[in-house]
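Before we start, here is the structure in question, set down as structure tokens.
Order of writing sets the chain letters: A, B and C. Residues in each chain are counted from 1.
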Amino acid sequence: MSITRDEVAHLARLSRLALSDEELDHLAPQLDQIISAVAQVQEVAAEGIPPTSHATGLTNVFRDDEPTPCLTPEEALSGAPEVELQRFKVPRILAEEP
Amino acid sequence: MDELITMTAAELSAAMAAGEVSAADVTEAHLDRIAAVDDQVKAFLHVAANDARARAREVDARRKAGEPLAPLAGVPVAVKDLFTTVGMPTTCGSKILEGWRPPYESTITQRLRNAGAILIGKTNMDEFAMGSSTENSGYGPSHNPWDLAKVPGGSSGGSAAAVAAHMAPLALGTDTGGSIRQPAAVCGIVGTKPTYGGSSRYGVVAFASSLDTPGPLGRTVLDTALLHEVMSGHDPMDSTSIDAPVPPVVEAARHGDVAGLRIGVVSEFAGDGYQPGVMARFTEAVELLESLGAKVTEISCPHFKYALPAYYLIAPSEASSNLARFDGMRYGLRTGSGSAEEVMAATRETGFGAEVKRRIMLGTYALSSGYYDAYYGKAQQVRTLIIQDFDAAFGQVDVLVSPATPTTAFPIGERADDPMAMYLADLCTIPTDLAGNAAISVPCGLADEDGLPAGLQVMAPPLADDRLYRVAAAVEAAFNERWGHPLLAEARGLSAR
Amino acid sequence: MTVTYEEALQKYEPVFGLETHVELGTTTKMFCGCPTTFGAEPNSHVCPVCLGLPGSLPVTNRVAIEYTIKIGLALNCSIASWCRFARKNYFYPDMPKNFQISQYDEPLCVDGYLDVLVGGKTVRVGIERVHLEEDTGKSLHIGGATGRIQGADYSLVDYNRAGIPLVEIVTRPVPGTGYLAPEVARAYVTELRDLLRSLGVSDVRMEEGSLRADVNTSLSPRGSDVLGTRTETKNVNSLRSVERAVRSEVSRQAEVLGSGGRVIQETRHFHEDTGVTTSGRSKEEAQDYRYFPEPDLVPVAPPRDWVASIAASLPELPSARRARLMSAWSLSELEFEALRNAGALGVVEATVAAGASPADARKWWLGELARRANDMGIEVSALPITPADVARISELVAAGSLNDRLARQVIEGVLDEEGTPDEVVAARGLAVVSDDSALLSAIDEAIAANPDVVARIRDGKVQAAGVLVGAVMKATRGKADAARVRELIMDRLS
């Protein structure tokens, strides 16, 4: 087994997914199967092979320090579930900023 | 069917330019078609009827005033619901964005608007582009016009179905693991994954940032090229956008020719899991290419067999990060109660479907400290090896070919809860996404077992997108001559109304 | 029983480190063209990119890279020839994407140092890295008693600040400063702030949050090299707080260790009012940020000629300036430190440039003006008096038109915004009485009123003349030149 149900529950918490027990029962074995399959990459001999994070080979793409038009506050807040004082109203935050 | 909906985009463009038909009539004909068949196909999540009619009238007025108009002016285009469009909802096939109306437009749809194209609606897709069948859509699957009990492929399944069902001559899709080419293949149409960076991702909701490539779908090679040209090109709003001229794809599409071209058949893309009928049509396509003057050899790309596992590490990893923003704080669904942390978790639990949850957790796992090197890190190395395989191959041949996908369209429901089986649909398409080069799927016949379409995939080096169209156009012309009609004429899935 | 700082130092060696965040003074944000100006109405300086709307993409601000390279060069760092941005993943409502674009194992600048002068000695503070990242939005926490997160009912988020370029400067641990650890920590932040200001890359105001310092503290047993468990202290909002935070943490940790406990690796919150730290969040379970290279941005590979041109554009660095000023003004290290600690280097230099002698300039800025600034709780450079004003006052004293006491009154007048020094002199009538005849009557009165003093003077006890001088000064309300008064008295009595 590559990953236990408890570990999957932990991943769910890290990903902010409040999975029900039924879902966990259903998803955990699937995730286990997938992880076993993707672990196949470890078979590849890759000594000295650099990883590729960007396929284009581009570097140094910059923009000038010049202002461009902003959204209006109405546009910015247009999708917000709750607004107060022209700000995004969010429920009480428990943890301090990391 | 009304003639206007059987004409190609190129033909419609010429007809409108010649004053033979109005943009308003073209748009109306397609809106009628949508009304007639989309309750069977379910390709569209949103039909922008009023907006389309208004834009069409504008095009007619400008043409009447003698203004020079771009080739796609007045041509309807269906837009995968992954592109942000002002004035239309953008759901990404997810309940977490139900009803969201973006306050800004994607670069590509803006370019289409500027060219006078008619954005006729937003099409269904697998949620956040994760899937190969549209069954992962939060709004129900789309149906293959060839056989409504079959999937139209995915994730750009709605776009492919819309084009195959003549609801629009052109459609926008995105390809991350094969999400344009595979639906194009199983719907019997043409679809291209441009070179990564060749088309702007600004306004394209991100699934896997280093792989996502917006691209065109159409019923013909030329139509697809026309859309490819308009949508492509450098965008300063996208740092990964290539600053180079768009390859001359339209020119190439008009001059299909493979004489003297060196073609490599990828030996890894055959064997177990490949439907015999699909392989038969593929083999015939290769023979056809040879008869047209191409030089065909077999090429081995030994690391391609690791492409699938590498992809299913890289893509979910990037996705787990890209999708973190959907938390109910700023837009979209908000549900649950209690603290911000609880509301975030409840919102994501309710708003995301099972496949998205699987991939988010998989990505979180692969990036975790202690696992990063063995999983994500290793996958990035495999990616380098795949690029090297392509480089070596393209040192010997001009293009590579393979089936676009191992099987024809599978039944709706068959793989829906079997992720590993679903992932196999991407076997042939994934390597090009990892390497960032260009590939196209063009119809190459119907499989004997089920009479459903199969696609020939052609792959070219980065920035050689035109080469794809040159080959595809030659194949298309030769097949059309052999069949006597375009393949789509055989699609019988829809009740004619 | 609480352990004092002195007691703590008997058994332990303090080791500290500093992580400072600097908001760059670019015109636009790190990855988009929204303005960075302070004080705009909420959510009015935002766009799809800094709001992290679905489909948005970042594009790097060239000037932010330039400024960061400038900072790295000024701190004697090596500039990376190739580096990438990375995503730091965590969920928090003030971060629109729930990840921060930052740098992880490939910072733009590494391995530098800043020499800091404390107690007459130079301490070389190693700089481990300088990297770039984007700032977060700002939250108002509503409903709790203190406006802090604890006890709040909900929060209101403004994303104007989200995306502003932040440079993070991380020191290596600094051991071996012993008793002076708090002062060295403070001096480092002061020097760093002055350096950044001289580079013109930020307005570095701790009060406004454009310079933020997190202080790491740990204790090693005396005589041992073994590093203790360190804590991180946040909410350190002034230079003085840097010093106090180190001092308080050293005492606290010594007490914990002394009573047989162990120091928990955690984040602590500094309280301005009490000067102590309280526990924030435990860092025992270190947060896994799942860093990976930012796929939406391409690598940054600063061409060497660009780096060279930035190096050539650097202004005089603090170490060079220190050497120059110490030489020009004949200062000892301690005298220089006094100026640096008072934040007075700039104003003193400007005052000398305006014509005052270095000694005079130092006397006023470190004396009267530093006292006033302290009372008002501000920097000397923020006082409503200019170096030109001080130079003028100094000139008037040198010319004899003002004495020290009158000069202090003129300063008071300028600080109260009554006008320029000359205007204050005129308005308040503060000129020294230089007319001898006006003084003579006051002198005669004083002589007449103090016969016993006069007798002692005539007896040879000339110091007693001070009493008469005092009486004359009082009679003239301080507007006499004391030395001249004494001369005239001695004249009179001889």
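Rule of thumb we're sticking to: a contact is a pair of C-beta atoms (placed from the backbone, for glycine too) under 8 Å apart; a residue touches a chain by one contact, two chains touch by 3 or more.
A quick note: this is a predicted structure, and the numbers were derived from the prediction, not measured.
Student: Count the touching C-beta pairs: is A-B or B-C ahead?
Tutor: Answer to which pair has more contacts is A-B.
Student: Of all the chains, which has the CA centre nearest the overall CA centre?
Tutor: A
Student: Roughly how many whole angstrom separate the Cα centroids of chain A and chain C?
Tutor: 39
Student: Any idea how many Å lie between the Cα centroids of chain A and chain B?
Tutor: Result: the chain centres lie 24 Å from each other.
Student: Between chain B and chain C, what's the gap in Å when you average each chain's C-alpha atoms?
Tutor: Using C-alpha averages as centres, the distance is 58 Å.
Student: Could you tell me which residues belong to chain C and also touch two or more other chains?
Tutor: Correct list: 47-48, 51, 59-60, 91, 93, 155, 157, 288, 292, 295, 297-298.
Student: Which chain B residues reach two or more other chains?
Tutor: Counting only residues that touch two or more other chains, chain B contributes 100, 103-104, 210, 236, 239-240, 320, 324, 327, 329-331, 340-341, 344, 364, 368.
Student: Give me the residues of chain A that touch two or more other chains.
Tutor: 14, 16, 53-54, 56, 58, 61, 63, 71, 76, 88, 90-95
Student: Per the contact definition, I'd like the list of chain B residues that touch chain A in the complex.
Tutor: For chain B paired with chain A, touching residues are 100-101, 103-104, 196-197, 210, 236, 239-240, 242, 303, 306, 309-310, 312-313, 320, 324, 327-332, 334, 336-346, 348-349, 352, 354, 357-358, 360-362, 364-366, 368, 374-375, 377-385, 387, 419-420, 434-436, 462.
Student: Note which residues of chain A are touching chain C in the complex, please.
Tutor: Residues 14, 16, 53-54, 56, 58-73, 76-77, 84-98.
Student: Can you list the chain A residues touching chain B in their complex?
Tutor: On the chain A side, the touching residues are 3, 8, 11-20, 23, 26-27, 30-31, 33-35, 37-44, 46, 49-56, 58, 61, 63, 71, 75-76, 78-82, 88, 90-95.
Student: For the complex, which residues does chain B have touching chain C?
Tutor: 83-84, 90, 92, 97, 100, 102-104, 106, 201-206, 208-210, 236-240, 317-318, 320-321, 324-327, 329-331, 340-341, 344, 364, 367-369, 372, 376
Student: Which part of chain C faces chain A closely enough to touch in the complex?
Tutor: Those in contact with chain A are residues 26-28, 32-35, 41-48, 51, 59-65, 82, 84, 90-94, 136, 139-141, 143, 149, 152-159, 267, 280-281, 287-288, 292-293, 295, 297-303.
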